[in-house]
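Structures incoming, each one as structure tokens.
The same subunit A turns up in both complexes below, where it pairs with subunit B and then with subunit C.
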Partner chain A sequence: MLNFFKIFKVIAIVLWSAFVVAPFLWALTTSFKTANGVMGGATYLPWVDYEPSLAAWKGLFGSGAGSIDVVGPFTNSLIVTLSASAISLALGTLAAYGLSRFRYKVGPISNTDLTFFFISQRIMPPVVLAIPFFLMLGYFGLLDTIFGLIIVYVALLLPIAVWVMVDFFNNIPRELDETAMIDGCTPFEAFWRVILPNSLPGLVVAGIFCVVFGWNDFFFAFTLTFTNTQLLPVAIVSLNSSVTPWWSLSASALISVAPLIIVAFLVERYLEKGKISVASK
Partner chain B sequence: MGYAIQSLNVHINDEPHLIDINLELPNSGVVTIIGRTLAGKTTLLKVLAGLQEVSSGALMKNKKDLLNVPAWERRVGMVYQQFVNYPHLSVRENIVFPLRRAKLNATAIKEKLDYVSELLGLEEYLERNPSELSGGQQQRVALARSLVKDTDLLLLDEPLVNLDYKLREQLREEFRRLFKDSTDRLVVYATTEPAEAMILQGQVVVLHEGRVVQVGECSDVFHFPATTISAQVFNDPPMNLVDGEIADGRICIAESLHVDLPEHLGKLKPGKYTFGIRAMDVVLERDGANAPIILSEVNGSSTIVHLDLSGRSLVLETEGVHHFGETGDVHFSLDASRLYVFSDVEGELVVAPPRKSVLGEKGKQNGQN
Partner chain C sequence: MQGLTRYKLIFLLPGLLILLGIILFPLIFTVRVSFSGWDAIRPGLDWIGGTNYGRLFADGRFWQSLSRLGAIAFTSVVLEYLLGFGLALLVWRQVKFRRITRVLFLIPMMTTPVVMAVIWRTIFHESLGPANDLAGMLGLGTIPWLTHSAWATVVVILVDVWQWTPFMFLLLLAGLLSLPKEPFLAAAIDGAGPIRTFFNVTFPAMAPISVGALIIRLIEASKIMETVYVITSGGPGTSTETSSYYIFIRGLRDFQIGYAAALSVTYLVIMIVLLTIIAKILTKTLVKPGA
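Entry: the complex of A and B
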């Protein structure tokens, strides 16, 4: 019975992995093709099925005719995503700690309402926010700037950070904060010296969410920029002209996925650790 | 001098947790707060620690208001019933954490760490992580952290409740040794177990449903429980309380059991009362009354039998391990000279039996000296 289950599990994992990995392999092999290689029907193996070419990859770094440089958009994406994620994580963690540990009461508004206020920022579809954001950035002269994009992305990522961290802090026993205060910590020191060092798994999860959402966003990168500060997803789509350059699209798609794959491998071990427990029994 | 709690009320989410508490606590020594679960013991300790906002009332120390002093400036230590240690720090760093916050120099820290880790037998575990220790050792680390710093007040909130029986016995003894001569700080120990209060001696505060029921020396509370609640909380198993009546020079308990009026109850007016008797003063006797068994259990080295006395519960405790089976009758008698009498409605103590000679004599002699 156990063995049967094990075999079933392995088969399921293999099938799922193939399902997930296949598109990447397809993109990888396509990125080494030329126009002839793509149009001549399905081919799979370089050197055997078709003659590999580095043209698509060279094109991405700005050399060769008709190519588009992705280095600039890649850097822009990196700066915007990392800055916005870092700011969201810092502000979100502080806000979440406050919401988890202190009681606020202003008229009928209390903690749960405040938490809902943060999360409700993600309830409406992004299209609703496009025009307000466009007008606001335009008013402050921040359209098509990295700074403007960071502000917008913080607004998008902050709810995620707050949501993840409130839940995480609620699972840390309050006695830990109290003990820290009895041991001479002010409330902020209790947060900084005791709660934060024990919150690494939560910070990692929140950080991943922020980076993934930020890096993958196309909509605001598209609506709030023109030509000066293109982000990677927009740059990739703009490759598409009258003739679809499948090889360039494949190569740039792989480049855009690469950072997330690296992040996934780096944080894997933190995710496995899971929650900390303070009180035994 | 010492601590004064004045008309203290604490409401949490509109639920009263402490109601009109008035208490005087000394500056040193041991005070045991005893009460059932949810009696308000933890809330009271948190008020003393500065972790709980109060709804009204005052907490003074040497005539100074303590309520405005935040927890981190109060010079208190606290040990919880859960084993609370800092998971990201080693045992060593856990213990010296409060010293580092107080910005002590390295030599002083080393000195205090050595002293405390030796006192509690933690020397060999200093480099480990708290999660790698057993429950008893984890609780010792928490205790070490609260003992290592100079505090005026040490609060222990049922520190033994999550430990197994053996460890509990062992740590109990350690507590007695540690706190016996607590001349420089006040130890406040909250517990549900009368045995722990007995071992620690000192002053006892009986708490029930957020109110103080009785305050007194440990042996006084044991011998003269002010109310039926005190009598139940401060005895394990709880003191038997059965309704009865004194008439015609005899006592009729539970409408069925007739007992001759003992000497110490001789002056009592006839009428209805609540009679209290400890489980160990209900003795097995072949010629005595009989009652059916509800339940019998072995507790350590004694056996506890729950009897059905005309619809009232009566608990009998006898030395040794005996098997009474699930059903059947038990013959027993009450040691009438050990009967407590409480008023019928309010449950206040009317007459207590005289102290047993050994303790009584000693108490008197001490009084004279």
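Entry: the complex of A and C
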């Protein structure tokens, strides 16, 4: 009975793991193919099923026939994601500290309502905002610019930063800032000199969340840019037609998810150390 | 006191004002646009009253997209919950399994949904993809994955399950790891088998985190459109078109801005009302008082 359960467990986990890695393995093998390896039906093993070629990978950095230049879109994605994450983290940390330490009261609105207002923005379907964003960025001449996208992404990422940091600050004892203020610090100095240096784990988690969500957004980049400012997911999806060679598509897709896979490994190490409690989110 | 107020504002206001400016103002603007006839030919904020809302009530395509969205979201989230819970129960007592599966499961939920959707689309290609290669080996013949409405829906759900089961798994695993040991010992002393222990001890203790996980996923699932856009483009016909996707087509493809704004407002209100009701029902039925 116990053995049967053990075997079942191993089979279930192996099956699920195979399902999880299948698309990555498929993309990896496809990225080394040429037309011969794709057009005859599904093939899997290099050298056995098809003759591998590095053409797709070389094409990522060149401008040969059927190739995709990913360097520009990759750089754009990096600039937008990192700038928006940094701004969101700065503003979000300040707001979260305020919400965690002070009592706000404007008419019937109190701290819980303010915190909920920040977090509730995650409920908003992107399509609802896309139309006004499109009109307003158009009005200010910011459509198809890096700057316009950064503004939009800040709106997207700020709620995440506030969410993580409020939770984090609530778990830092108040005595820390109170002691600092008794020693003559202003509230801002207490925050800057005492609390912030002790907040690195929280900042790392909030930063990872922001970067992942920013990097993964497609819809706003897709609706608010055209040709000048292409982000990586948009560049890849625009190739998603029947004429695009699958090998280039696969290679560029792998390039775009590679940073995230590295982040996943980093997050796992944090999880095992117990620095992130997913349960509290 | 005067000084403290100043600091309170220094901390909160920058973030709050920016969020109000970037999100609340556009939302109010959308409500105003929904009462206008703004389109590609006559762009501008005229006032046509509730005409757009009247048109919306007779728009079968919109209501179908909503019920379709409900079916897709509900099926995906339930499957993700059952699979995620099952997998978490399998590995939670073993550290070795736990670490390998956890890193493996983090990857799908962190990778860009649209980029993975591009890969999935090649996998489900009818003649060149491995999905039909496998189906052929299993003797199922050639399955019209993306050209038949039922199969296309299956693909959309399958991709969502692939991406988000890990989320359920991680939340529920964290929940299982934080459970107190005593109730399990008591159940073992009473001689309860694994199934009775699950229904009497594990499941009730996991109810609050289950409700949280289900609601977060339902909120996210209610926005599904990117993967649909990449994998099926809402097709064949409109058979996998979700509400977000339909609004996108009306607004930013047909440029019926006013009408799309009315659709947006209605969609948002329906979603908030439905999700609130579902959250209430889930909390009431799953979380027993005192558990």
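The definition used in the following text is that the second predicted complex is superposed on the first by the 238 of 281 C-alpha atoms of A that agree within 3 Å, B and C clash if a C-alpha of one lies under 4 Å from a C-alpha of the other, contacts with A are read in each partner's own complex, and residues count from 1 in each chain.
In the analysis below, contacts are C-beta pairs under 8 Å (C-beta built on N, C-alpha and C of every residue); 3 or more make two chains touch, one makes a residue touch a chain.
What you see is a predicted model, and the numbers here were worked out from it, not measured in a lab.
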Checklist entry - Comparing subunit C with subunit B, which touches more residues belonging to subunit A? => result C
Next on the checklist: So in the superposed three-chain picture, is A:Tyr44 touching just subunit B, just subunit C, both, or none of them (first/second/both/neither)?
Outcome noted: second
Next on the checklist: Quick check on the superposed pair: does A:Glu268 touch subunit B, subunit C, both, or neither? Answer first, second, both or neither.
Outcome noted: second
Checklist entry - So, A:Pro132: does it touch subunit B (first), subunit C (second), both, or neither? => result second
Checklist entry - Where does A:Val211 make contact in the superposed view: on subunit B (first), on subunit C (second), on both, or on neither? => result neither
Next on the checklist: Quick check on the superposed pair: does A:Thr186 touch subunit B, subunit C, both, or neither? Answer first, second, both or neither.
Outcome noted: both
Checklist entry - Does the superposition put A:Glu178 against subunit B (first), subunit C (second), both, or neither? => result first
Item to check | First (subunit B), second (subunit C), both or neither touched by A:Val80 | outcome: neither
Next on the checklist: Counting contacts the way the document defines them, which residues of subunit A are shared by the two interfaces, the one with subunit B and the one with subunit C?
Outcome noted: 186, 277-279
Next on the checklist: Applying the document's contact rule, which stretches of subunit C touch subunit A when the two form their complex?
Outcome noted: 3-4, 7-8, 10-12, 14-16, 18-19, 22-23, 26-27, 29-30, 33, 83, 86-87, 90-91, 97, 99, 101-108, 110-116, 118-123, 127-130, 132-133, 162, 166, 170-171, 174-175, 178, 209, 219, 222-223, 225-226, 230, 244-245, 247-248, 251-252, 257, 260-261, 264-265, 267-268, 271-272, 275
Item to check | Complex contact set, residues of subunit A against subunit B | outcome: 173, 175-176, 178-186, 189, 194, 197-198, 276-281
Checklist outcome for this item: Per the touch rule, the subunit B residues reaching subunit A in their complex are 46, 49-51, 70-72, 74, 76-78, 80, 82-88, 97-98, 101-102, 131, 135, 138, 142, 145-146, 149, 162
Next on the checklist: Quick check: in the complex, which residue numbers of subunit A touch subunit C?
Outcome noted: 9, 12-13, 16-17, 19-24, 26-27, 30, 38-39, 41-42, 44, 91-92, 94-95, 97-99, 102, 104, 114, 117-118, 121-136, 151-152, 154-155, 158-159, 162, 186-188, 191, 212, 215-216, 218-219, 223, 233, 236-237, 239-240, 246, 249-250, 253, 256-257, 260-261, 263-265, 267-268, 271-272, 277-279
